[in-house]
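Heads up, the next two complexes both have chain A, just with different partners, chain B and then chain C.
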Partner chain A sequence: MSIAVTTQIICFSVLSLVIILGALGVILLESIVYSAFLLGGVFMSVAGLYLLLNASFVAAAQVLVYVGAVNVLIIFAIMLVNKKEDLKPIDNIKSRRIISTSICLTLLSLLIRVDLSNIWRLADPQASIGEESTIRIGEHLFSDYLLPFEVASILLLMAMIGAIVLARRDVMNEDISTGLPVDQELIEKSNEPLLMKKN
Partner chain B sequence: MNTGLDLEYSFNEILKGFGLSSELAHIIWLPLPMLLVLVSAVVGVLVTVWLERKISAAAQQRIGPEYAGALGVLQPIADGLKLLVKEDIIPAKADSILFTAGPILVLVPVILSWLIVPFGQNLLISNVGIGIFLWIALSSIQPIGLLMSGYASNNKYSLLGGLRAAAQSISYEIPLALSVLAVVLMTNSLSTVDIVNQQSGAGILSWNIWRQPVGFIIFWICALAECERLPFDLPEAEEELVAGYQTEYAGMKFALFYLGSYINLILSALLVSILYLGGWGFPVPVEMIAKILNLPINAPLIQVFTASIGIVMTVLKAYLLVFIAILLRWTTPRVRIDQLLDLGWKFLLPISLANLLLTAGLKLAFPQFFGG
Partner chain C sequence: MNLESIPLQAFLTVSSILFCIGIWGLLNSRNAVRVLMSIELMLNAVNINLMAFSSYIDNNLIQGQVFTIFVITVAAAEAAVGLAILLSLYRNRVTVDMESFNLLKW
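Up next, the complex of A and B:
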């Protein structure tokens, strides 16, 4: 076995271990902050797997989008609303956990079955794309994948408008969910000094 | 285009002469350039710290460090030694795991980015195809480390500093990437070596700064913001936030932040010189000089001469930019956080988008000048 192959196997096993343990940590840890940081670690390891597959552009894009944007925003949001608040105890937590675990395990076994029964084939197993992959991705994005690419941007636009509507409820005249008029104190408050009120 | 010096090839040939297999020679070779770059990055930090002390002193009509070595050149080493032997304190109510991991996450991506900095045709660790994109991706990891250390310190100033750092770095990454994209559009390649070679045709006249003046300014502003240098050092604004996310840090952990910010500054200066100032190129093309002197370009002596000129030019351009950054730090006031975000989102982003559109149009209209 050559040194390159050995390195590859070691890297693969370490990365897979980190992904599996990290993903378990994301859902099982009590602290939401730890979960968020572990999620970043999982994203990074997935980028490492892409690197092993010779897809360096996809790996860098994974780091840029998932670690640099998605995960940073998740952590950012957690820290902005980081209230120390005890969660309400839920009834029959044990049976709920057993049900959700069994559903997850069923899904996992289904996925394993799919993985084993399907024959995974590359379009051309001999052609190693490597550094050319950036050009290929560009060609596909502007030809046969143009419509999905554009639709994805519409999806992002919808998500953004939704987020603005939810975050800026105070600028609307009436509440979108209840239909009642909301008080506009936040935006139309006259400029009174706060210290005067105490007298 | 000549291939220039290929140290790796000659090193491997020598080792094979001793009867080692080529694989083993490759493994012995691998850590050498990495160590060299790491050492040069740290030495670069020492030089920059000394420059910062001296230039700030000159800007304020002081003398600056004087007693440690001639002109105080040993002062940064004394600073480093002091940080090295200081007690490593973790606050009692801090989260010790995240508190330790934060500075590491800040420093490692910056050092990894040196992978793509070329000092000559073959004088870089790895000419990866995604080149400059790797740097953009890696620099986006940094805010996680800043948020982590801000949160783990259990201190409101640290948390605010961390949040500011993340907001700043997210908003300035987009114009930064867009201005890089304009250069990439002209080069037809993401590789840093190709970007420099594309500017090497007519010496100083073919540098990208003439074809991308707007991109150059946007990139420089964004690079300063990403490095958290004044006028954009809000995350650690002393008068408002004590020291931002660094407040609770001491000893070697603080030194990691310190190293990280200075390595990042040098890296940004190097990348500006690679993207816009012709990288290792001499203002007059070396090929032209060799032709005038009637020397063959592939002669070993000329090769060594070209390589050393390349290194000197890259470092010279980078340190010129570092000098400008230091001068800016000691002469400009800090912007407010709302001004900072306004500048990023409402000014730099539209301008960099327009610059990208203009570059694409010019590339199609004048392919001979804008890399068709």
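Up next, the complex of A and C:
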């Protein structure tokens, strides 16, 4: 892919702006649904950055996995736990905000200082394989990264089974502790949760 | 593509900012779903870093891109398990407020 230098810079600036503003929106917006959709936009822009870096395969994987799977999963979770609740105010919220913001700003300044002051040993741009990267990734996955590749499949299987076990509803007709019939709806409204009594 | 036009530092700066936004969201969100979103933002920042290094410093072997694919895999598994944990927490406590999950508090 050959794009003019100006176009590259414009693309990079627009994508970075969308990423940073979108991420700020994700953490600052009041509505969690807006946050979820903005997160999808951030993922798409990150895929655009990958395209700019000549990595079409990883960009496609990013769109498929993050936008197609993770973001949809998050939206489903929001749908399942979407209940308007009045949050209890925290008494020392102001000092907490100040401390966390200063920690983040300190870390940010440290990271940016390292980014800008370090002298990176850049490789020769002529040696770049460019569009051949998909072929090279395939070679890596089936030669020197074969074991991590297979372990990743086991990890995905374990995650799938674990998620099913954790999110499964107990198919019991009556509650063990109270003997009352268990309602088979998604949200157990009638039963007072046992752990809530501690507060 | 000739990448000389955009310096490596630009990519690194964007990913640093994204990572710090993720940490801020992780520390300050009350909603547990938003905490998971912040973790995804941080993972994406790390991925941008890996991809930038792979293109600028290791542009022939591109091991960074392989690592990014593994990170994406682990992130997908993490999101699935995290949201399942969130659902079972919601069943037990009927809230997603992070302040109410204080069973392990000192």
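Basically, the second predicted complex is superposed on the first by the 155 of 199 C-alpha atoms of A that agree within 3 Å, B and C clash if a C-alpha of one lies under 4 Å from a C-alpha of the other, contacts with A are read in each partner's own complex, and residues count from 1 in each chain.
Note that a residue touches a chain if its C-beta (ideal position, glycine included) is under 8 Å from a C-beta of that chain, and two chains touch if they have at least 3 such contacts.
Every value quoted in this text rests on a predicted model; they were computed, and no experiment measured them.
Engineer: After the chain A overlay, clash or fit between chain B and chain C?
Structural biologist: fit
Engineer: Which chain, chain B or chain C, ends up touching more residues of chain A in the combined arrangement?
Structural biologist: When the residues of chain A touched by each partner are counted, C comes out ahead.
Engineer: So in the superposed three-chain picture, is A:F57 touching just chain B, just chain C, both, or none of them (first/second/both/neither)?
Structural biologist: both
Engineer: Would you sort A:V67 into first (chain B), second (chain C), both or neither based on which partner it touches?
Structural biologist: Touch status of A:V67: first partner only.
Engineer: Just checking: does A:Q8 make contact with chain B only, chain C only, both, or neither of them? Give me first, second, both or neither.
Structural biologist: A:Q8 contacts chain C only, not chain B.
Engineer: Please work out whether A:F37 is in contact with chain B alone, chain C alone, both, or neither, and reply first, second, both or neither.
Structural biologist: first
Engineer: Under the stated touch criterion, which partner chain does A:A77 make contact with: chain B (first), chain C (second), both, or neither?
Structural biologist: second
Engineer: After superposition on the shared chain, which partner residues are touched by A:V18: those of chain B (first), chain C (second), both, or neither?
Structural biologist: After superposition on chain A, A:V18 lies in contact with neither partner.
Engineer: In whole Å, how close do chain B and chain C get at the C-alpha level once superposed?
Structural biologist: 14
Engineer: Once the two structures are superposed, pull the chain A residues common to the chain B and chain C interfaces.
Structural biologist: Touching chain B and chain C on chain A: residues 2-3, 57, 61, 69, 73, 76, 80, 130.
Engineer: Where on chain A does chain C make contact in their complex?
Structural biologist: Those residues of chain A that touch chain C are 1-3, 5, 8-9, 12, 16, 19-20, 23-24, 26-27, 32, 35-36, 39, 42-43, 46, 49-50, 52-55, 57-58, 61-62, 65-66, 69-70, 73-74, 76-78, 80-81, 83, 85, 87-88, 90, 96-97, 100-101, 103-105, 107-108, 111-112, 115-116, 120-123, 125, 127-130, 133, 136-137, 140-141, 145, 148, 152, 155-156, 158-160, 162-164, 166-167, 187-188, 193-196, 198-199.
Engineer: Within their complex, state which residues of chain B touch chain A.
Structural biologist: So the residues of chain B in touch with chain A come to 23, 27, 98, 128-130, 133-134, 136-138, 140-141, 143-144, 147-148, 150-151, 159, 162-163, 166-167, 170, 173, 190.
Engineer: Residues of chain C touching chain A in their complex?
Structural biologist: Residues of chain C touching chain A: 1-6, 8-14, 16-25, 27-34, 36-38, 40-41, 44, 47-48, 51-52, 54-63, 65-66, 68-70, 72-81, 83-88, 90-97, 99-100, 103.
Engineer: Where on chain A does chain B make contact in their complex?
Structural biologist: Checking each residue of chain A against chain B gives 2-4, 33, 37, 40, 44, 56-57, 60-61, 63-64, 67-69, 71-73, 75-76, 79-80, 82, 130-131, 134.
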